[in-house]
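The chains carry the letters A, B, C, D, E and F, assigned in the order they are written, with residues numbered from 1 in each.
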Amino acid sequence: MVWDLLITGFLVLAGVFGFVGSFGLVKLPDPMTRLHAPTKATTLGVGGVLIASMLFFATKQGHISAHELLITLFLFLTAPVSAHFLAKANLHGDRPEGLPQPEGSEWATFSPGTDTAAEALAETGDAPPLTPPEGRDH
Amino acid sequence: MEALVASAVAVMTAVGVYLILRRQTFPVVLGTAMLSYAVNVFLFATGRLVVNMPPVLSDTATGYTDPLPQALVLTAIVISFGMTAVVVLMALGSFIASGDDGIDLGEGRE
Amino acid sequence: MGARNDRKSLRMNLALIVILPFLGALLPGVLIRSGRSAAALGAGLATALAFAGVLAHLPQVLAGEAVATRIDWLPALGLSASFRLDGLAALFALLILGIGLLILLYARFYLARSDPAGRFFTYLMLFQGAMLGIVLSDNILLLLIFWELTSLSSFLLIGYWSHKPEARAGALMALVVTATGGLAMIAGMLILGGIAGSYEISAIVEAGAAIRGSSQYPLALALILLGAFTKSAQFPFHFWLPRAMAAPTPVSAYLHSATMVKAGVFLLARLWPVLSGTPEWFYAVTTVGLVTMLWGATVALFRTDLKALLAYSTVSHLGLIVMLLGFGTKAAALAAVFHIINHASFKAALFMGAGIIDHETGTRDIDLLGGLRRLMPITFGLATLAALSMAGVPLLNGFLSKEMMLEAAAHTPYLGNVWLLPGLATLGALISAGYSFRLISLTFLGPERNDYPKPPHDPGPGLWLSPAVLVAVVVTVGLWPALAQPLVSAAAAAAVGGDLPEVALKIWHGVTPALAMSGIALAGGALLLTQQRRLQRAGGALARLDAGAIYTALITTAESGARRLSEALHDGAMARALAALVLVAVAAGGWAFASAGIGLQTRPMLAVNPVVGVGWLALIVASLCLPLFHRDRLLALVLIGIIGLMVSVGFVYLSAPDLALTQITVEVVTVVLMLLALNFLPKLSVAEPAPRRARDAVIAAGAGLGIGALIYALMRRDFAAPTISGYHLENAYTGGGGTNVVNVILVDFRGYDTFGEIIVLGIAALVIYALADVLLRRPNLRRLMAWSPDQPRAGDAHPVMLVVATRLVLPVALMVGVYIFLRGHNAPGGGFVAGLVVSIALVMQYMASGLAWAEARQRFEYHSLIGAGVLIAGLTGLGAWFAGRPFLTSVFGYVHLPPLEKFELASAMGFDLGVFLTVVGAVMLALASLSRLSWRAMTDERRRGEGS
Amino acid sequence: MIATALTFAFACFGLALLLNLWRVVRAPGVSDRVLALDTMVVNVIALLVLYGIQQGTAVYFEAAVLIAMVGFVSTVAYAKFMLRGDIVE
Amino acid sequence: MRKLFPHPQLTLLLAVVWLLLVNQITLGSLVMAALLGTAIPVLTGPYWPDRPRLRNLPMIVIYLAIVLWDIVIANFIVARIVLFMPNAKLRTAWVAVPLRLTRPEAITVLAATITLTPGTISADLSADGRTLLVHCLHAPDPEAVLHDIQTRYEARLLEIFA
Amino acid sequence: MNHWIIAPVVLPALLAPLLVLLARNDLRAQRLLSGAGTVGFAVLAGVLLVQASAGGIGVYRLGDWPAPFGIVLVADRLATLMLGLSAALALAVLAHVIGTGWDARGRHFHALFQFQLMGLAGAFLTGDAFNLFVFFEVMLIASYGLMIHGGGRARLRAGVQYVVMNLAGSVLFLFALGTIYAVTGTLNMADLAVKAAAVPASEAGLLRVGAVLLLLVFAIKAALVPLQFWLPATYASAPGPVAALFAILTKVGVYAILRMFTLGFGVDGPAGDIGGALLLPAAGVTLLLGMIGVMGARDLGQMAAFAVIGSVGTLMLGVAMFTPAATGAALFYLIHSTLAAGAMFLVADLVRGQRGGLRLVPGPRMANHGLLAALFFAVAIGVAGMPPLPGFLGKLLILDAARAEPAVWAIWAAILVGSLLAVAGLARAGAALFWATSDAAVPEPSQPLALAGIAGLLAALVALTAAAGPVSGWLNAAAAALYAPAPYIAAVLGGGAP
């Protein structure tokens, strides 16, 4: 019964957040703000479903299912990256007014020729080689 | 359900046909992709529709859907993937070699 | 016994006689390096041998026997290599070979050193063989074959001086006209054969009455006559013949005296017993012959080119012969046969004479000639005798057969009128005499001139010997016609098919109507000569009338019409091709369905829950957005992504997890590929006019409705017979060792399909690689380097977050790949999906860190992966051979290593490994090849400082 | 109780899907649509897992795992395309 | 040993992933987990040129707990804004966060954390990798956001990625 | 188990990856392996041909699964004939490719070539309808690669159209197969023959739809009007030797129609009338349109391509009658037209090599002008169906077989008029290319191997003429077997392998 309640709670919560995420996507006024809703709410929503599923299979069918953890982990790992990229895409499309300037530099998106990974990694001594891979012709 | 699937196949087919009748390579390629979706669902549906009876043998299963069309669709998906890849690159090649991505051969060829 | 065999062996087999010229055709080509003489000698040797071969049979033939030989060739068709030498065949064979020998001799001296003599003699021999084949064939299909061969070889001969436009045009015209007739004749012959039940001429002759009585007789007659008339240059198909005069003179002499044009006449004679004797025959053949005779003669009267004059005279004389054959009486047939010999002899001599004049004076225009009788006495003598024979002057052979013609005409009523034919025949003879006299007069008589293009003199004997021999025949037969009697009688007897009226060939038949007509003709001819000038003025317009011009206009129109039609249809419009396919499919499918109908639906529908409805809606909406929004190509790809997602989910819902996994993974790789390509392509499609879109929408809707209705009908009914997949469900575990039946079908029941499928994938990658390679070479490379992005590019090629995240994802994804691979046999998954998962993980590395970085870390060459994958799959399949089982027979077993749980090992896993490797190799090779393009394009860009 | 909650969750995620669809059809730019697709993917995963709970079977999890992975890749690909044109460089 | 286990933490992670995937802990699956956990890092070694050294395990746990809590809170906050706040009242803001973190892995974790937590999204990094651009959905006081990020997350990450 | 039957598929299927794996950067090794493989392929085809001539029907059950549940290969006369024909053409084409160095103008020619052979062998030998689809695709995708080998603007653009058309065809193929499976529950052709015959009237309409769609798929490959639009540009733009090899690809469509509509649907079955009803008019129009194209073509490549369409029309007239005699005749013509078309494209390629193009306008005198002219003349005779090459006999056979048809006059007219158009067009081409020359001479390339390839094809044509009797007897037996499929069905569905 407790488990049932818990499962029910997770399901309801998940449903609400899932809805909120997509509702925000429709309701919020501009592309940057619209990014917020799905990245958080939907991710949590699906997380709730997954936890409910784990509990359900553990309690109802008696086998511990850990698949769901994997999916959850994966979503939590990737959602910020997707959001980051879409934010960059939004910036690139139309530089917003009132964007602060980074000290002594420029945002990577507006900075031609930038390779932040290359530069960030350069300090640790492993820049991606920027030589054409012609030599490795098959 | 059958009506939904049939209408989906119909719409996808129609959209695919509409797109392959365009005059540039890219929409045509999209059209072929749509057509392969349509035909994959069509082929799949020839095994008739069944819910929650995947063709994975188990002691608890109450029945199984027809596995053969599924296998055929898998083969078809893979093949059409290969074909799509080729046609995409050929469209690109044609664009690079001729400077426009029209699909018609047009006048003044050598 | 020995003696008999010996005697027989002296007589050459007819097939060998026919083959000899073809063998002879090879010699000139081989011998040409030894010079013209060797080539001519080689050809002459073959001709002489064949001639001797025919002569050897002659006694038998003159005795009224026919020599025959038969080799089955294509029995299913009734085509056999049957040859038969009877009188008619012998007459023609002797003409073909005899005059052929003379022509070879003449040609040896006629051709210039610069002419490719090897080719000439080869063509001539091919032609000779074809002609010989026609006359010796005893099977009409065989005859057709040789008939077409004469058209082809004469095409080569007429076009021999191919640098001359008129030679090319003449050759083409001759070919097309005679081929038209030949093709018509095929149909005619097939009808004959159909009625007779055999294609053997002897059998057809026997079935003559049945044929003439058949309802198809008029059609067959028309078709065959078309063949004969075109070949024999009968009006209105005569126009090709004068144009064929562009050929070297030996060719003209050969084709237009004894051979090519006589083929049609021969055919009429050959089929005379079968086809003649009906009003259709009489009017068609007689009329055409008559008109041709008059028309040819009239035009000849106005020509100034010697060869053209002779050509029209040939037309006229062929008309004469045809008319005689049309009469349908045996006497007329005999006259026709006799005139064939006579015309061949004097006309060949005249052509050669014309050639000599051309050769020695540099012109064939009689307006530029005249007065040659002293300068070229030999030529003068020979040509004059031949021309007088042509005019029908007594004591020469032309007179004899012309008399017989007039005699026959005198006894033949036409359209119920007894005067019409004799009158017109006399007119023909009159004009014939007229142009013959004109030829002699304008060329040789009159004053000598001082403006000949070349100083004229008689040629060496090499050139005059051949016409001399022919003129000897002209005179000999003219004086002693009885000498020709046996051959002519035998030939005529063979032609009319049996007994002949006792007609003796002699000079004096007493005072007959024919004699009077002859006299009128000669006198009239002389009168015409005196009225030269006046005549030329009056007839100039007439002479310019030319069916050939009509033909040329016709063929030009046909050609340009064909070109317009063909190019309008095949203008490279893709949409037309596809629309045709769609429309035909809808129409034909509708027809096939409607013509049989359908029974009631037998399966109940599955219930729908609302969430499924939402998925369906998403699918439909995204699909319908596609035609509306597709011009924004990126958006179109996003929409495709949605559709793919919904289809995958649909598969999951409808119990097809394997399909879902495959669909969704394939989809993302496809999107990546398309994005890679879209980088170069325009980002926006052109707008198309609304009517076109509306039309396409209608077509598309038709296709959609058709397919939708079809699948709906199929889903709502059961299989008409139990499906074979029941067996798969029953045997997947016991026989295939797996519980995922779909996978067992893929790697076992239908592993062969999968083998083909991975090969498709491998090939796709190779094609892509090869194409990318081409695009990376000049001239494409230049265009590639000149390319620059058409949209502003953000900075930051390799954002940190992505780089870090994907590096973590890679090993995890590999793990997932291994997992999906291993469980595939028993649960959704398998080598293909696993391969795609691994590929996607690798693709992420490319996207995050770049091509160079990723390739520098690549462990295996993708080519090798593909090769190894296909090989592993194939060799796994071949392994079964060692157990004596067929390709792809699988084995599986359960292994139990004590501390571990029991696990399964199956050869199908080896096969699936091959699938896995191929997929990874193929996907990666394709992506890497595409990426390399933009890499090359962008290095240049980088050098210019990254765009903006 | 769980059944009711399941129905509720189904309804929520179903509605969410509809909203995503709306955003796909009516959006000012491609990036919003990509976001909508990305969200759709996650909602679909949720629906799949819900369906698994409802049917009491774990057979649909692989699909969910792969959809998660693949959704990420395509979102990144679309975004990178919008940013750079060239998604592999 | 280093050749065999170029990346012990990864090995462990992969072994766990395998067990999660097969969803069972048996001898067979453990053996397989060990095998794959060993093989895959060797195979993918080149893709991991530089391995972050993670220290301070308790701090990792604390950090994860904080983030998890913040995610839940973040969602309630965002849900409230989405559902009840009129768009006109929204106070969006851009915040530039100067970074003390230098390791790419650390920056990535920080950026991800920011995105998953209350009303913020890390939108870009500066070209020199020293400043993070953050977008706030509703931040009447952007300075507070900056402060939160620096003290709540970055400080801890500095300890973890020492 | 008679492993010979699978060998023609497996040999190239394994050779090609070996070429990719070991020899992809070594052209000489590729040539050696590919040449040896093709000779081996020909030998295998020969062995199967001899085996089939004995009258037996070889059946190979892949994976040792009983028919109709697994996939079977079936080697009967028709299949082995097509195989042998492919091998003969392939040998000549390969000789040409190596002799002219075409294989050096792009990557992976030999691997693609071997895969192409594999696809052909698979398509001809299979006894399974879906497997036919798979091998069609193998064949097609290899042909895509070969078609655009070496690149170039026109080739790539035409290539895109070729691929798109075939993709549409593949979609249709799957619609058709799905429909047929959904009605009959089987994919095996012999089993289909049994089940289609027993399909109740209530399902006949659907089965007929499947049949008609399948017919269209094959008609695309065969380039029957109105599905011929793709062919002219494709064949005219493909590398010469590839176009030559494609001469067999159109015949695959013809083969598949024969196979599916004599065996699969049965001439007396509920879908039996479909082939004849639709094909006959289409074939006639195809023939005329093709030959009109020949008549009007501006360059030799186009002309050869239209000649292929025309010859398909002729051939299909024979097929569409669906009688043993007509089919035997059609098969005879099929052999001829494949070899002749192949030779035509090879000659055209040599001419193009020296003239730089194939426009029918005066060009430079070629180095080995006489030889090329002679080859062209011979090949043109073949393509036009004039004696002494066997096309003439083939046409006569078809004309003769048409006697029993109600449309006999139309058939005769189409064939004869078509021939006339072809003669006119080809003669014009020959005159333009070989007679009207300027004096600019071109240095002579040394291409003995390429010439040997063409000579080989011509020799085969001459041999076909000479041996017309026995060959046509053999073909009539092959045709008769198609209309009496009981032994085939028994061999496939019956117990053990023969």
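The definition used in the following text is that contacts are C-beta pairs under 8 Å (C-beta built on N, C-alpha and C of every residue); 3 or more make two chains touch, one makes a residue touch a chain.
From a predicted model like this one, the values you see are computed outputs, not experimental measurements.
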Shortest contact path, chain D to chain F, counted in steps: 2
Most central chain, Cα average position: F
From chain A, the most remote chain by mean C-alpha position: C
Pair exhibiting more inter-chain C-beta contacts, A-C or B-C: B-C
Centre-of-Cα separation between chain D and chain C, whole angstrom: 60
Averaged-CA centre spacing for the pair chain E and chain A, given as whole angstrom: 10
Approximate Å spacing (C-alpha centroids) for the pair chain B, chain D: 22
Chain A and chain F: spacing of chain centres that average the CA atoms, whole Å: 55
Where chain B touches two or more other chains, by residue: 16, 20, 25, 28-29, 38, 40, 42, 45-47, 52, 54, 56, 68-69, 72, 75, 79, 82-83, 86, 90-91, 93, 97, 103, 105, 109
Multi-partner residues of chain D (each touching 2 or more other chains): 11, 13, 17, 20, 34, 58-59, 65, 69, 76, 80, 82-83
Junction residues of chain E, two or more chains touched: 17, 21, 23, 104, 107, 111-112, 122, 125, 127, 129
Pairwise chain contacts, counting only pairs that touch as defined: A-C, A-D, A-E, B-C, B-D, B-F, C-D, C-E, C-F
Chain E-touching residues of chain C, taken from the complex the two chains share: 795-796, 799-801, 803-805, 807, 810-812, 814-816, 818-819, 845, 856-857, 859, 899-901, 903
Chain C-facing residues of chain E, complex: 10, 13-14, 17-18, 21-22, 26-28, 31, 36, 40-41, 43-44, 46-48, 104-105, 107-108, 111-112, 122, 125, 127, 129
Interface residues, chain A side, partner chain E - complex: 16-17, 20, 23-24, 27-30, 32-33, 35-37, 39-41, 43-44, 63-67, 69-70, 76-77, 79-81, 83-84, 87-88, 90-91, 96, 98-109, 111, 114, 116-117, 119-121, 123-126
Residues of chain A that touch chain C when the two form their complex: 74, 77-78, 80-81, 84-85, 88-89, 91-92, 106-118, 120-121, 128-133, 136, 138
Chain B-facing residues of chain F, complex: 130, 134, 137, 140-141, 144-145, 148, 151-154, 156-161, 163-164, 167-168, 170-171, 174-175, 177-179, 181-182, 187, 233, 357
